[in-house]
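There are structures below to look over.
Here subunit A shows up in two complexes: once beside subunit B, once beside subunit C.
Entry: the complex of A and B
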C-alpha cells in the first residue's frame, strides 16, 4: 500500500567560522577604459561567488556588471580570502569587496566633485553615469570621469577587509557570540511510502530560506535545489558502508546518489530580511540549503507510516523492518 | 603497446590518427586530440562526465577503447559551437543557470544533444530519462532539465 505523509524541518545556522576570527580581503581598481579589476582570495567552487563578487563591486561603484573582471583564489596576486566553507563567502568576502570598492569610489567621487565644482556629497555614480543630484545639467559619462582622473594623476584604487564581529566560546559553559549573523530556513516535504517494498519517494519540497538579500536570485535558487538533492540522498539513499575503516561501496553503482529521474518538484522560496552587517544585507545559503531536508523527510515518513526514525539513510530495508516490528 | 591507425569523423571532420591499441577513447580525445571538454569523473562508466556521442548514441568514453571508433562519427562538446556561435543547448544552459561547478556540463549537454537527434520534441519525463546517466552533485537537476526544455522550445 502507498501512504502519503507531510513533514516540516526548520533550522537556523551561523554564517562564518564558529567563534574564530575569519577575515577576507579584496583589492579593487578602476581602469582608464572604465573596466574594473577585483582581486579576491575567495575560491569559486561552482556556487558562483566570483559572479556575486563582481555584482557587489559593480553595484557599489555604480558601473555595469560586465565591466568587472574578477581574479579569484590566485595566491600569486589575490589577498587572503579564507576557506570557501561555513557558508561564509558572500557575507565575508562580499563585505571585503564592498569595502574595497567604496575606497576606490571615494577617489572617483572626489575627482567628479572637483570637475563639477560641487561638494562630494552632491555627486552620484550609477549605471555608468556620473551626475550631480538635483542638477541635471551637470553630468558626464564614466569614461569622461576616468579622463578627469588621468588629468589629475589619480588612480581609483581600493583595498578592504572584513572580519565578522564574534567572540570565542567560554570553554566551560559555551557562552559567547560565535557568529555575526544567522540564516533561517523551513522546508515542507511530501513523501509517499510503499509499505510493500519500503521505497520512499519524495514527491515535493517547498524550501523557504532567509538569505538576508539575494545578490543573485537564480544562483540562490540553484544552491537551494542542490541542497534538496543532497538532502534527499542523505535521508533515504546514500549509505556509506564501512568495514574496519575501509569503504565497501566506493562507486556510484553501489553508493547511490539522485539522478534527474529521482528528483521531486522543488519550490525554492527566497525570503529577504537584510542583515545590517552583510553586503547589501546578504547572509549565506550554502549549508542551510541542505540542513532542513532530512529532518523534514523523516517527519513526513512518520506522518505517513507512524514510525519515528532517528538514523539516516532510511533505506527500504529499514522501513520494512520497522513496519514488521510495529505489527508484532 | 603497439599503435594502430584508425580513421574516423571527429566533430564533422574526417581524421586519421595512430593510437595505442589499449588507449581509452577518453584519453585519446583529451591527450592526443585536445578535446578538453571531455571530463573524467569516476572512470568506470557510472557518472557520465566523459559522455560523447558515437554514431548518434551516447557512450561513456572511459569504457570505450580508442580503436573501437574506427569508421565512426564522434561528437564532443567542441563540435557543438560553430564559428564562435554556441549551440542552442549551450545558450539555454546559460539562460537557465544550469551550470554550477561545470564538471558534468559537457556530458549533460551531449546527452541532451543525442536525445534531440532522435527526438526533437521530448517530454519532460523523456528528458529526465535521457539525462539520468549523467550525475550532478551541485544543481539538483532542476535547472538542467529546464535548460533542455528551453532549448527544445527554441
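Entry: the complex of A and C
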C-alpha cells in the first residue's frame, strides 16, 4: 500500500568559520575603455561565485555586469580568498569585492567631481552614466570619465579585504560569537511510502531560505535544488558500506546517488532578511540548501507510516523491518 | 529591498557558455608538451608499520621516468587543513586503506599504472582500530601521538540539570548517521610544471591558497615560488578542501623537470577523499506544557578516521548548531571525536550540521506530539528572534529570518502540499 505523509524541517547555519578569523581579499581595476578586472582569491567550484563577485563589483562601481571580468583563484595574481566552504564566499569575498570596488570608485568620483566642478558627494555613477545629482545638464558617459582620469594621470584601482566579526570561543563553556551572521531555512516535504517494497518517494519539497539578499536569484534557486538532491540521498538512499576499514562500494554502480530522473518537484522560496554586515545584505546558501531536507523527510515518513526513524539512511530494508516489527 | 540595477538579477553565469560548449578546461583537459603521467601506490591494509618500499623493479620498467618515496621529500612530510597529521608519502605507519606509499611518473598512463604493480611494499600488519569504543580503551594503540581523542569539548549555558526538573515533558532519543561520499562528478586531478624556478600547479580544488602553502612546505620552497591555479572544477562539496594530487604532482615535476599530470580514478577518489562524519547523538529535550523549551542536552560521538582533516571544525559547528534555530535558556553539549584506522572524515556540505539537524528536528516533532501541539506551532513558539541569545550566549542583532521561512513555507505548502484546511 502507498501511504503519503508530510513533514517539516528547520535549520540555522553560521556563515564562515567557527570562531576563527577567515578573511578574504580582492583587487579591482577600471581600465581606460571602461572595462573592469576583478582579481579574487575565491574558487568558483561551479556554484557561481565569480558571477556573484562580478555582480557585486558592477553594482558598487555603477557599471554594467558584462563590463566586469573576474580572474579567480590563481595564487600568482589573486590575493588570498580562503576556502570555498562554510557558505562563506558570497558574504566574505563578496564584502572584499565591495570594499575594493568602493576604493576604485572613490578615484572615479574624485575625478568626476573635479571635471564637473562640483563636490564629490554630488556625483553619482550608475548604469555606466556619470552625472550630478539635481543637475541634469552635468553628465558624461563612462568613456569620457576614463579620458578625464587619463588626462590627470589617475588609475582607478582598489583593494579590499574582509574578515567577519567573530570572537574565539571560551575553552571552558564555548561562549562567544562564533559567526557574524546566520542563514535560516524551513523545508516542508511530501513523501509517499510503499509499505510493500519499503520504497520512499519524495514527491514535493517546499524550501524557504533566508539568504539576507539574493545576489543572483536563479543561482540561489539552483543551490536550493542541488541541496535537495543531496538531502534526499542523505536521508533515504546513499549507503556507504564499510568493512574492516575498507569501503566496499567505491563507485557509482554500488553507491547510488539521485539522478535528474529521481528529483521531486521543488518550490524554492527566497526570503530576504538582510544582514547589516553583508554585501548588500547577503549571507549564504550553499550548505543551508541541504540541511533541512533529511529531517523533513524523516518527519514525513513518521506522518506516513507512524515509525520515527532516528538513523539515516532509511533504506527500503529498514522500512520493511520497522513495519514488520510494528505489526508484531 | 534596495533599488538595485544588478544585485538580485538572474544575470547569465560567467561560466555557462564554456560549460555548455564544452570548451571549459578541467584539470584533466590540460595538456603540455613532454608531459608525464603520474600514479600513486596506495596501502591496501588499514594499519601497519611500514618496513620498506622497494622501487627498483618499477624504476627499471621502460617508460618509467621517476619513482619517489618519502625519502625523496625535500621539505616537510605532514599536511592537513587544521592539524598537520597526514603524510604526503607514508614514512612510519600506514593508518588507513588508501595511504600514499610511493608515486610514479611515466611516459604514459598505462606504464605508470603498470609500474605500481612492480613496487614492493614490506610492512608489518597491526590490528586496526575500527570503532570508537576500541579507540577510547586506555590500552589501545594510538593512531597518532599519545591519545586517540581528536577533540573532547563542552558547551554549557545555564543549568540543564536544574531546568529539566522544571520541565513537564522530556523527550530522549539517540540519532545516528552514516558515512556519506561527496560523489563530485569530476574526480581529483591536476598538472604540475616546474619552470624557471617556479612551481605551477593547475588543479581541481576549493582552496588554491591553502594548496600553495602545502606544496611550498613539501618542496621547501617559498610561497611566492609556488603558483596554484584552480582549474575549472567539477564540484567539491567539501571533498576538494583536502590535498589530493597537488603535492604528488609537484614532487614528480620537481624531480623530472617535466610537466606531470595525475587524474584520480573514481575508486581511489572515493577511498581517499574525506567522508561526512558518522555521528551518534544522544539528545534530551525538555519543555513546559505550553511548548516552551527550557533545556536541551546532547552528547555527540564520532569517528574522524585516520586523519583530522576538517574534523575539529565539524566538532565545533555540530556543537554550536545542534540545539537548532530555537531560543533555549539551558543547554549542555558534550562532544568526543576520535581517531581510528577507518576512512578519513572531513568537510561535507554542512560541517556536522546536516547530522545535527536530524537530531534537533526529530526532537521538535517528538516533543510536539507528546505535548499535543502541531510541529509548526511548536517551532514558531520557540524560533529565534532578534534580541535572543544562542547557546554560546551570542546576542542576535539582525537578519533572523527563521520565522519568516516557516510562514512562507507553510503558505506555499497550503497551495501545493497540504489538503484543504489541513495544516500539519
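One rule holds in what follows: the second predicted complex is superposed on the first by the 328 of 328 C-alpha atoms of A that agree within 3 Å, B and C clash if a C-alpha of one lies under 4 Å from a C-alpha of the other, contacts with A are read in each partner's own complex, and residues count from 1 in each chain.
The criterion applied here is as follows: a residue touches a chain if its C-beta (ideal position, glycine included) is under 8 Å from a C-beta of that chain, and two chains touch if they have at least 3 such contacts.
Remember, it's a predicted structure, so these values are computed and weren't measured experimentally.
J.: Contact-wise, after the overlay, does A:261 reach subunit B, subunit C, both or neither (first, second, both, neither)?
T.: First partner only, subunit B.
J.: Just subunit B (first), just subunit C (second), both, or neither: which does A:48 touch?
T.: After superposing on A, A:48 lies in contact with both subunit B and subunit C.
J.: According to the stated criteria, A:310 is in contact with first (subunit B), second (subunit C), both, or neither; which is it?
T.: It touches subunit C, and subunit B stays clear.
J.: Specify the partner with more touching residues on subunit A, choosing between subunit B and subunit C.
T.: The larger set of subunit A residues in touch belongs to C.
J.: Please report the subunit A residues shared by its interface with subunit B and its interface with subunit C.
T.: Dual-contact residues (subunit A): 45-46, 48, 218-219, 227, 230, 251-252, 257.
J.: Considering the complex alone, what residue numbers of subunit A touch subunit B?
T.: Residues 45-48, 218-219, 221-222, 224-230, 251-253, 257-261, 263, 266 of subunit A touch subunit B in their complex.
J.: Can you tell me which positions in subunit A touch subunit C when the two form their complex?
T.: Per the touch definition, subunit A meets subunit C at residues 6-14, 17-19, 41, 43-46, 48, 50-51, 54-56, 58-59, 62, 64-65, 70, 72-76, 80-86, 126-127, 169, 172-179, 181-182, 184-190, 204, 206-210, 212-219, 227, 230-231, 233-234, 238-240, 242, 244-247, 250-252, 255, 257, 265, 267, 269, 271-276, 278, 280-281, 283, 286-287, 290-292, 294-296, 298-299, 302-303, 308, 310-313.
J.: Hey, which residues of subunit B end up touching subunit A in the complex?
T.: Per the touch definition, subunit B meets subunit A at residues 42, 44, 46-47, 97, 100-102, 127-129, 131-145.
J.: Can you list the residues on subunit C that touch subunit A in the complex?
T.: So the residues of subunit C touching subunit A come out as 1-2, 4-11, 13-15, 46-47, 96-97, 128, 130, 153-157, 173-181, 183, 200, 205-210, 212, 223, 226-230, 233-238, 240-241, 266-267, 270-271, 275-276, 310, 313, 316-317, 319-321, 324-325, 333, 341-343, 347, 349-351, 353-354, 357-358, 360-362, 364-366, 375-376, 379, 383-384, 392-394, 396-402, 404-406, 408-410, 412-413, 416-418, 424.
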